[in-house]
Every structure is written in structure tokens, then in C-alpha cells.
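One structure, as C-alpha cells, below. Some questions next.
Which chain is which? They are A, B, C, D and E, in the order written, and residues in each are numbered from 1.
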């Protein structure tokens, strides 16, 4: 008996619905973006910006990824090659079937952000979750104030979503994009340097900030923001932990009494400071 | 007994059940011996599948257990005769390792015929033929292996 | 998903006759990761290879499986084909459906089924293959020869003539070895010294050869092309650069001791050269026996030395030199016959060994070439020779044949007959083995022309009766007891490994057998190589040998050395072990299991909880590893893996077969 | 009180087994655990089982769904699970409490765990009062009543020669009515509970732990832990699980299986980062979870005082001693 | 307080107060009279915690691996079996001899804590099965021996009887026996984690690639695990019996280890692990004259 999409979802949250990878975009040498639909070409579910999905190739494995964007009929996940499943994913071709379940987690506090100027800070693959909110803001442009993106990666090749960074976003009204790379390289005449330093250099006045990136970058970005007087409750980040169930049962993604899959992955700095530093 | 086991039993009772036998053959002696058996057109039962390894010393006992787990009916580890190892000493370690392993398998309740080790040189095509023929007969007599097998 | 191509070869009708190749190809197309599958008449042919190359291009294949004959046949062919198609040659696996299938299974249905399984295994494996590349290690163009006997000298001369610098390290004060002790050589009976001495001088004068005498190997590190050898120069107590070898010192030295060279039959001084033709002709002081070193008084040699070369203050010196290759030519010792009660436990002075007999008949020996009994210096009339003393005797001696005894005993008996006209030479033997050019003829001459008496049988007892030695034995051909009243008995004692052979083998790092003879890499095909790359064997250290065999093996070893040194660098096998350092616990079990000494421990530093900590892990030397994979099984945590035959690959094959 | 003489217990169970899957505590030479009733079994009324009853709802390995691969297509199919109505007989108060904990985890906070719920919903719980605590028991210290389990459908009392049954829920009432013919109505007073060997004062512990994340106590406590999973796998409340798969050629199934926060790979991420890299962090998380995090999230401790971990820890880790240490620690 | 305990405390106090060592590994008394868990003592005043009694089962050598980077010397109490573990760990290059001060405690044989449950004192408790076949109750390596050696007193232990019983069975009966045992396994890995021969940085059972061991708890996987473990500790097992003692499911693991040890001795000569630092583990070398059964 094969079970239709809707049935499974109602019956059992741990069983994925069948999906299909309809498009694969090579973002960087080790990051690809996957467009996923249901078998009949529908959007598997409607996530909020910042929410997560359990994405699986059943014979290989299952892992949690942030949903970086969505179209009318598909979800997008940008995935870096780090382990067994992601290695496999990087080898599949368009048309590959998969399993998907979700959406999980709390998503970004959109209502809180509405009407405010927003600063997005990303590093490396960390732009993926942040982008879901940027895209939301772009799509609902009038609901938000000024949008500023600061993003950096090791090199030009490692920058993800180049089309957004250099084409789509800069063209938007009242939106600024600052891109930096770690070390100078030929052909690059943009900014060179680490993201935290760049943020300080740009000297923003306190506003609602959404940041995600490698732990070491986050650490220094938070210091920079603190220096510039940003308010802990306005600094929002999204965390990554090993997850299995996605529904707050299996135990491993806890930080203190919080489960990142359920209570996160989005936290304000104010919330994080109340949790043990175990992530 | 699981459904698979029942199926296996049923299969055994049927005349056409054929055992699957895995031979770990060292590249320099036994694999060459099997090649020679081929060149000499020495017929033997088609139940054996050879897995080429550089040396019998490369065969990890875990490979053998894994094969039984996954449903093989018999395993043969074969390499150069003592003193002939292409790598000088590999087969001496094989010998020690599998003398112990053989007894362990027996102690765990495996039928000794299911796991065997032999020295077959590159010139011993007929011996290869004879060993795998005998092995196939032994295992046919025992029927399908269910021990250590992953029945899930 | 990988993009695997599968190519099924018909091999004319060799395979297609009993395997349904089309069906195999069709079935294989359904296997995971397979994007293209086809069959063809001759895959190895030019058009067959074109089929592969075109498919690689057209279907963007990233790895392939060829199901055809044995990989021992065409693996290189298809690897080259991969390379020319722009893929790494190691992303190819073969399924042997000819030798292991079509030729041995006449039932087409079952043969096809098996072929499908074999292809399935190969596909499962190739999916896990990773590109492998060769790397290279530099070769240091200098050779070391350990042992200055005839084998060592010959090897050194050949290497030197090819233009490479070579050092001979000899532990005695002079080169020359056993051959220098021998009087005449069989089967030609030419004088040993006459043919050896010129070679010794050649070696001494060769611009590419350095003689390092009275020295021993202290330590060997490194690996092929890059051995770091530490040599201990033993204190000679004589400044070689000043000494002219005039001989005043050893003439005047007041201390006499038994000469090792003369095997106790003669004496030497405390300051000495072992024999007159010594090379270098420079003495050493035997400190254990020197009066000055024992009492602090004497100093005669120092006082009399015209060049002031005697230096009592010399100390052992260590020197480390880098070599690209090593030839081991350390020779043999003689079996100690004192274990035999029937031959008098070595107590009768007139029961001597064959080598002692060589000294007795040697013109420069202790008796100036006259055959005299050691006990009373009388000329013996009846001499009994006993063969196989210690050889071919599992119980008390060695199980092997010492190979040279038959010939030298025939030689000795002939010489006795020649030198003592009315003498009797009686040989007790088990067999007479003379497999060499002109050997059998020589033996026959001893019997027919010289009248040497051969008695087939074992000697059961020798005992002293007056000044005679009574030799009791059995003539097994006549089936009766024999008793001979002999004046002297010469024992053909077995050749055994040097007592320190095992130590040296461990120091250099190669294997030796249960008799301490050094083990060749392959008894037939690699007789002069050891399992350790860059280390070669010459002469009797590998097993009993006569002079021609030793010399030819020496030249063979030299050829191997020259072959190695002729390259600036050496390509290493890509199929070798690799260490996952994050898992390795540094237990070192792999080190003891590796036959090539290719694994060492190294210290790494890593950050643990913010602290930099050191730990040890295994490191595989790519120049030494031959890819046997023994270490991978010794490693419980799978930190070691063999490229090309990884755990993952083998498990994939096992799984594929079983399912 | 409805009673039945102990010698007729088997009869009762046998009768029940015709309508339900009946699970009873049984002690063998090697282990004691809940097993399906069958004729000839001896129900162990002395002491608790070594293995907790949690696997009845939350099996150590549980198949979730199967899949079939063909080329790039993947078919996913659920396992049809046929869950029988079941009765667990002889659960002690501590394990009743653990089921309450598991219910909170699997049935609340946004998602219901289907696998757990299907089995849990069809289960009637017959609790057995404890009168003789074992050496390692300390449920009383955690506020449990060994004689009266909360949440039971029926509470059974050991009356010496007989067992007394009291229904606590309508379902329990119904069950007893169903087999009324087997019971005798007797006026009986349940035995009293004997003294406990172990005690632990948990008052204030969660509040104190809130301030003790960086306390040196964890270095000391974790030192002797071997990092095995004996405590977690024997704990009636531990509920962590992993999801993994079994693939055979082109098909396979996904299953979930118990996991343990003491294992190093439990939190290790694909890239290698591990938020709890050493046993100190792991041991801390274990006790924090039991004594503080769970309380904060679900309003109760994740320890029921059953003492199984104390009895079986290879190195004698003792949660009551650790509670004592926390109490005494200077913050 | 027994004399042994007095001596332990005296020496520990001296070693700590003189600064010779900075840490002492010993045993203490917990809440249960029949358990003597490990204790780590770094302060002189804490030496009063140390005890020695018939429940000091834990092999403290295993902890030395956690402490390789401990600054300063560590004193460790070792019974006969524990001392063999020290030698094994030294052979496996896991610890450094110069960082240890080994205090030998000749072991009179211990009591079975499981049998003590519900009882009141040691006299009522039966002896621990693992100690019955012990041939090395006296430490084989130490810097100080704390009291006089004890006589070796081996009896035919239940494990020997079990092996004999199994040996006399048909393969099917043996398989059925082990099936029953391994089906109980809950995969807690206590056997592995307590074992001094299991000293890998990362156990092959924990690796995702290759997936030697699946995570599902089923008979086949459990068999794989225990057979693999038996091969991994073959010739390296010091027969301390800790694996079997700590197994919460009472799987008779020592029957396997003892059997393998016996086979190895029979095949390759006596080579008890952890006695001689120079002697390589039997599966780590070979002899040309090893029995030849594969002709």
C-alpha cells in the first residue's frame, strides 16, 4: 500500500512525504541549492522564513536543513558537502526522488521585524537560513524598513547566491548589500576582510539584526554588535545541531531545556544568554 | 522464525536451491590458481564468487561475519602456501587469525564446513577446482545458512 | 549518484558461448549508479576500447566496470584506456567472467547468473573507488655493502664500475672474508689468494669505492633511496693515515695470541693484520690482549713505529651516512661440531674442520703448506673425511644441505693424495652431490685418478687409541661395520648463518629464516632482493653457497642496485595503506605486522578543548608500502585502510553479492 | 476489596490473555523483565524488573517505514502496525511515574509520536504496590508512594497470601468487572512499606542546578564514568532515540532505536563539531536533564527513584550521592 | 577498618604530601556496602576515602587513558588482573610508565556484588566467579607492593564448566545457546567501555563509514559485535572478567574470552596477555611452525 502525501502527514510526523529534486544549482564548489517539490509538483508544505526541513534520501540518510527560499511550488535548500548524505546529494541529478518532512522550528519573528530597519549578517553557508527572511522581506517590501545585508566568505568562489548578492538585491529599493571576502584575490575589487571587522567598519546604529555563520564569526560579530550598542533582544541568530526527529522527542538537539528543532533554531541573543553555552 | 527463515527453509527443501559461496582469493596465488583452472577448462560448480584481495592477510574476520550476516552460505579464505606469500609474511598472520576465528565460529555454533581456509597456489588450478567443488558439496549438504544471518 | 559504465566482453565466443552477455549487460543497466551498459565482441581490441572511450564521453561516465578476462591479463590495458579517456585509471574495476566463469561453467543459465553477480560486485566496488595517483621519492646515489668478502667485493666493484660511490663496511681489519682463508678452489684447483687478492686490490684502489674496515653497522633508519646508516668505526689504535704497513710493530710486539684467521692453528700478535695480503695492510691493536691495555706498560709498538701511527687514545667513532641502497653480504660461520659426541665433542686435536684443513695445506698457513697433525706435527698418512657434519641432520644440526662440502671434501682428499704420496684418503658420505659445471668430473677424478676411497655410511664413533684415531662406522653399501685407524679426521662442517645475523637483520630491517639466513623476497623470482625495498642480498648470508654462486649473486645484487640508483626518483605504488590520523590511537600493532617496515609512529599536535596536545599516530611510508593490507586487519579501529581495497570497497562487494 | 489468592493469579492472567496481550514481570536466571504472559510462567512479585517496561511502548528497535529504490525514484511505504489491546500487570510506582514522563515527552509539546501513541492508547496499566523496597530504591524521596501508583487503571496490593485489586479508572473498573467471577470480595488492609535504604533530598535541586552549569562538580562527577549506556538503557524514563536505516540492495527500511547521551557520536555533527565533546559535558547533560532541564520543560523530574542505574552502573555511579553532592556544593 | 585499608591510606598520604604524585586512583565506599567504586584523590585530606575490601572490582588502569595528559605522576592501585592491564596499555602505547606510580595490592579474590543484594554482610556473599580461575592474583608490575603476596588458588570455575558444556554440544545446540544469550544484549557497550583491551580512540562499532555495525538491536548485529570484539581482544584479553561483571544482561562473555585464550594457548603456546612487555600479542606476530590446518 503506498500512502498519499496528505495521509502520511496526518498519520505520522516521523514519516516523510515523497518528494523530487527538480532543480540543482551549483552555488560554490561545495554548496548546491536543491529545489524540492512533491511528486505531483506541489510545494511539500508552506514554511515560515527560518524554518527547517528534514530532507532524506532514504537509502542514505536523513538530515535537517534550513529552507533558504521557496517558490510557489517548491522549497529550496542550500546544502554544503560535509558528510555521507550531503556527499550523496552532491552527486544526484535533477529528477532524483527524496523524502521530506517539516516544517520544523519557530522561524524568524516576522511580526517583530515588521516596519523596522533590518540588518542581515551572514558568513559562508550561513547566508542560507538568513536568505529565507531576506526573500520574504523583498517580497513584502513595503512591510519593512531599510534592508542591509553584510555577507562574506573565504573567497569569491565560496560566495553563495551570487545572483541575489550582485543582481537582485542591490536593485531593490532601500536595500544595500555589502560583500567581503577573507583574502584579496585577482579580479575582486570589492571589500576584503572578515565579516565582523567589516560590520564594525560600516558602523551601523543599533537595529534588528539577523545573523548566521560559522561559530567563530558569530562570536566576533556579537562582540562587534555589542560594541556598537545593539540590543540583545534585537540580535537574532539561528543555530545548527545534530537532529534526528525534528519534533522535540529524540533528545540530542537540546541546549539546556530547549530543543533547537522545536524551540529554535531561531533565538535572540537575549534568549541564548539564558541558555548554557553548549552548541 | 521469521518469514525469511521460513522462506529459506522452504527453498532448501526445493531441489533447485543453490548455495552462494564467497571466496576471498589473494591476487598472487589463489586468484591466479582460479585463472589457471579457467585456462585449463576445469569445471566446478557455479556457486562460488571470487572476491579479489591483494593478500589473504587483507581479509578481515569482520568481512567473513558480515558475509554470513548478509546471507552467504559458505566462505572460503584462500591464499599462498606458507613461505610463498608475495608479501613474505601475510599468510602467516592469516593462518594465526583464522585458526582462532575458525574455532570461534564453531564455538558460536557455526558448522565448521561453512567457513574454511585453504592454501592454493597459482599453479594449483586442479586444487582450486577440487576445493571449491568439495566446499559446494559440503554446503549443499548443510542447506541454506541461517546462522548469524540478519533476518530483519 | 555516480555515473558508472559497464562493458561486457564476449571475448569472441570465449565468454559469449556460455554467458549470455547481452542479458548481463541489460541486467547491469539496472544496478544502482549504472547509467550505461553494453556488450561488445572484443573489449580489449582497439574498436572495443573506442566503445569505452566514446561511452565515457557521451554518457559522462565517471567510472567503469569491464567484465571480461582476468584482471591479471588486461587490467593495465583498461587502465590505460581510462587514462586516454581522461579518467583516473583507478576508477575502473574488472569482473572476471572468462577464467572464473565462462570457461569453467558450461551451463549457460548458471554461468550468466554468476556473471551478473560478478558484475554486480564490481559495480558495487567501483562506486566506492577514489582516484589514486602515484607519488615519488628521491634516490640518493650512493650504495652501502655490508661485508667485505668475495660477494661484497664483487658487488662493490660492479656498482662502482657503473659510476656510483659505494662503501664496503667490514667488521674485520681487512677485507677478504672466508675466501682469503681458503687454499685452493674447486673444481679448477687454482689458488684462492691468486684470484682474490687482485680483486681486493681493485676494490681498494677504485676511485668510487671506500673501504671502511674494522667497522660495524650501528643503526639503520630511513627507507629505500634514503637510508640513514650509522657506522661504528671501532678504535683501531692505529692512525691509518700515518701507517705505512711496514710491519715493524707486529714483528716486535711481545704478545702472541691464537689467530682467528688461522682458526686456532697458528698465532698472531696483539697488534696485527689478520693475514699477510691484508687490505688495507694496516694493523689494529687487539685491546683485550695488548699488554699496554692490560697493564699500562709496554708501548713497544708506539715506540718503534717510524711514523708515530700508534695511538692508544683512539675511541670508537660513529658516522652517519646516507645511502640509496644496501647490499648485505655478511657471509657465514661454521657449525660447531662439539655437539657431536661421536666425533669427540671437539676434544681431539686431530679432528679438525675442513676450513682448518684449508689453513693446514695453505702455503702461507701455520705449517707453510705442509700437512701436519695439530697434536704432534707428524705427517698423517691416513686421513678420514666425514661429510654432512651438522648438515642434513634435523636432530642435532641443520636440516639443510650445505652445498659446498661434497666438492671441498673431494678437493681436500685430492690434495692429500697429491701432497702425501703414500697416503690414504677415506671419505665417509651420505650422498655425493655435484651439480655444478665440471663438478662431477672433478669428483670422479678424485675417485678414479687419485684413488680417494669413498665409503657410504655414517661414522658412529671416533676415539683415541695411542696416537691413532679409531673411526668406526658402517659401510651401508656393503652392509658391514668398518673401522679405520686414522691419523687425522677432517669434518665437513655445515655452513651456518653468522651468529649475529639476526641482530643485523633487525637493525637494517629485513626478515630472516629459522636458521637465521636472510630471506629473499621471492625464492625464485626475486632471489637477491629482500622484502625491504632497497636492501639486497649477496653470498652465503642468504644460504650456503660456493664461490661462483656468491659472485654471481653479488653481480645480480649490483645490477639491482644500479637499476635503482640510475633513477633520480622512484615512483611509488598508488595502492598503499593510508592512516586516518583522527582515529589512530598509535598502538603500533601495525608496525610489527608490516613486512616492509613501512609504518612508523609519528607525533602530531592537535587542539583538544583549547589546549595543544601531542599524541602518536601511525605513519605509512609510501616508498616502502607494497600494498599487502596486513596492517588494515591488525588495526581494530580501521584507522588504516588500503587504497584500492578499502574496507568500504570490500564490504560493498560482500553486500552486493549477498543481496 | 476484590482479592484473588496468589496461587490463582495464573488463572486470572490466563483468562485475561484470551482478551488481551498481557505483560507480566518474569525473572529468569539471567534477567528479569516484562514478557507476554503464557501458561507456565511464574510472575515475579518480589522486587522490580531489571529491564524497565518502557520498551512496551518504545521498543529498543522499531521499524518506521520501508522504501524501495529504482534508479532515481524512491518509494516510501509505512509498515502496517497491528496493535493489540494490552494489559501490563505488576508495574511498580516508579515505573508508573516513568510512563507519565514518557507520555509527556511523546504526547505533548506540539507533536504526538504516532508509534508511541498507538501502543500507549491500547494499554491498561495494573500497578503493583511495593512493600519491600530494594537496596537501591529511593522513590519515596522523589515524592512517590510505593503503595499507590498514580495513573494506574488498577492498583494491586500484596496481602500476603492474596492480591487485592482496586480500580482507579473507569477502564480499570470495567476490567475488574469483566473478570469478577475470579475475585473474592474481602475486607483487607494493604501492607505497609518497609524503610528505604537510600534517600535523596531533591527539594531545591533544580533551582540550584540552574546556577551550576559551570560548576567544578562536573569534573569530579564525570571522572569515573565510562561512557557506556547501561544507565540510560535501564532507565525507565530515558527516551532518546536515533533514526537509522537498513538497506539491502534496492530496498530497505528506516527504524528508530534507543540512543544514549553518553555516547560520543550522539551529538557529533556531520562536519565533526560536537557540542558535548567529552564525557564531562555528557555526564553533566545527563544529570542536568534528569534533575533540572526536564523539570523546567515538563514540570517534573526525569528520575523516578527506581534505582536501576545505581544497581547496574559498572563503576558505581550513584545518582543519590550525586544529588547529595549537588546539595552540598557551594555555588 | 582493615589493615589493607590502613596501608593504602598511609602510602597514598605519603605520596601526595611529598608531592611524588598529584593524583591517586583507588577505591572508596559508597552508599551500598557491597560496592566499592573508583575514587580519584588529589588532596591529602581525601585519602581517608580510600578503602580496600572484597568489592574493589573496578580495574583502575582503564582510567589512565583519560589521564595521559595529566600533569604530574599518578599513583594507581592495582590488583593482579589490573596490573596486567597496565602492561597491556603500555604495550599498546596508550600510557607512559614514567608517569605512573604503581601500587600493587595482592588480591585475595573478590565477592560477587550481585549476590550481596538484599544481604547484610560479606560472609553471606558468594565469591565472584571471575576470581575463581585467576592465575595472577599478585600484581606483575608495581613500584611498591602493599602487602604480602597471596597464594594462587584456582578452582574449576563455572566458566570452565560452561565452556566444557558448550564444547560437548552440537553446533545447533551451541548456536541456540548463544542466540538466547545475545538476544538479551541491550547494546549498552558497558563490556567494551570497561575493557582495558578496548583502547581504540574510536571504536569500529561507532563508525558510520564503514558501517561495520548497524544501530538496530537485533541478534545478527549483536552476534557481529560480540564476535568482532572477541577477535579484537583475542590474545590481548587479560581475563579480568570485568566485561561479564558489568553486563547488565548477564551475558556470559568470559566464556568466549576464556575459550579464545585457551585456543590461542593451545595453538600457539602459552602467551597470557599483560605478563611480559616484550612479548607481542599472539595475533601480532607468527611462528613459521604454527599449526598448519589449511593445506
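We adopt the following convention: contacts are C-beta pairs under 8 Å (C-beta built on N, C-alpha and C of every residue); 3 or more make two chains touch, one makes a residue touch a chain.
Quick caveat, the model's predicted, so the values are computed rather than measured.
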Maximum centroid distance from subunit E, chain identifier (CA atoms): A
A-D or C-E, whichever has more C-beta pairs in contact: A-D
Chain of greatest Cα-centre distance to subunit B: A
Averaged-CA centre spacing for the pair subunit E and subunit C, given as whole angstrom: 44
Whole-Å gap between the CA centroids of subunit C and subunit D: 68
Rounded Å distance, subunit B centre to subunit E centre (Cα mean): 35
Where subunit B touches two or more other chains, by residue: 61, 66, 70, 83, 89, 93, 97, 150, 152
Residues of subunit E touching at least two other chains: 204, 208-209, 212, 216, 218, 283, 288
Numbers and ranges of subunit A residues touching at least 2 other chains: 83-84, 92-93, 96
For the subunit A and subunit D complex, residues of the former touching the latter: 1-3, 8, 11-18, 57-59, 61-63, 82-86, 92-93, 95-99, 215, 240-242, 244-245, 247-252, 254-257, 262, 276, 278-279
Subunit C partner contacts - residues on subunit E that touch it in the complex: 68-69, 92-94, 199-204, 207, 209-212, 232, 280-281, 283-285, 288-289
List of subunit C residues in touch with subunit E within their complex: 513-514, 582-589, 592-593, 601, 611, 613, 615-616, 634, 636-639, 646-648, 651
Parts of subunit C lying in touch with subunit A, wherever the complex brings them together: 1-2
Interfacial residue positions of subunit D with respect to subunit E in the complex: 29-31, 50-51, 60-61, 134-136, 197-198, 220, 223-224, 226-230, 232-234, 242, 244, 246, 255, 257-260, 263-265, 279, 310-312, 314-318, 320-321
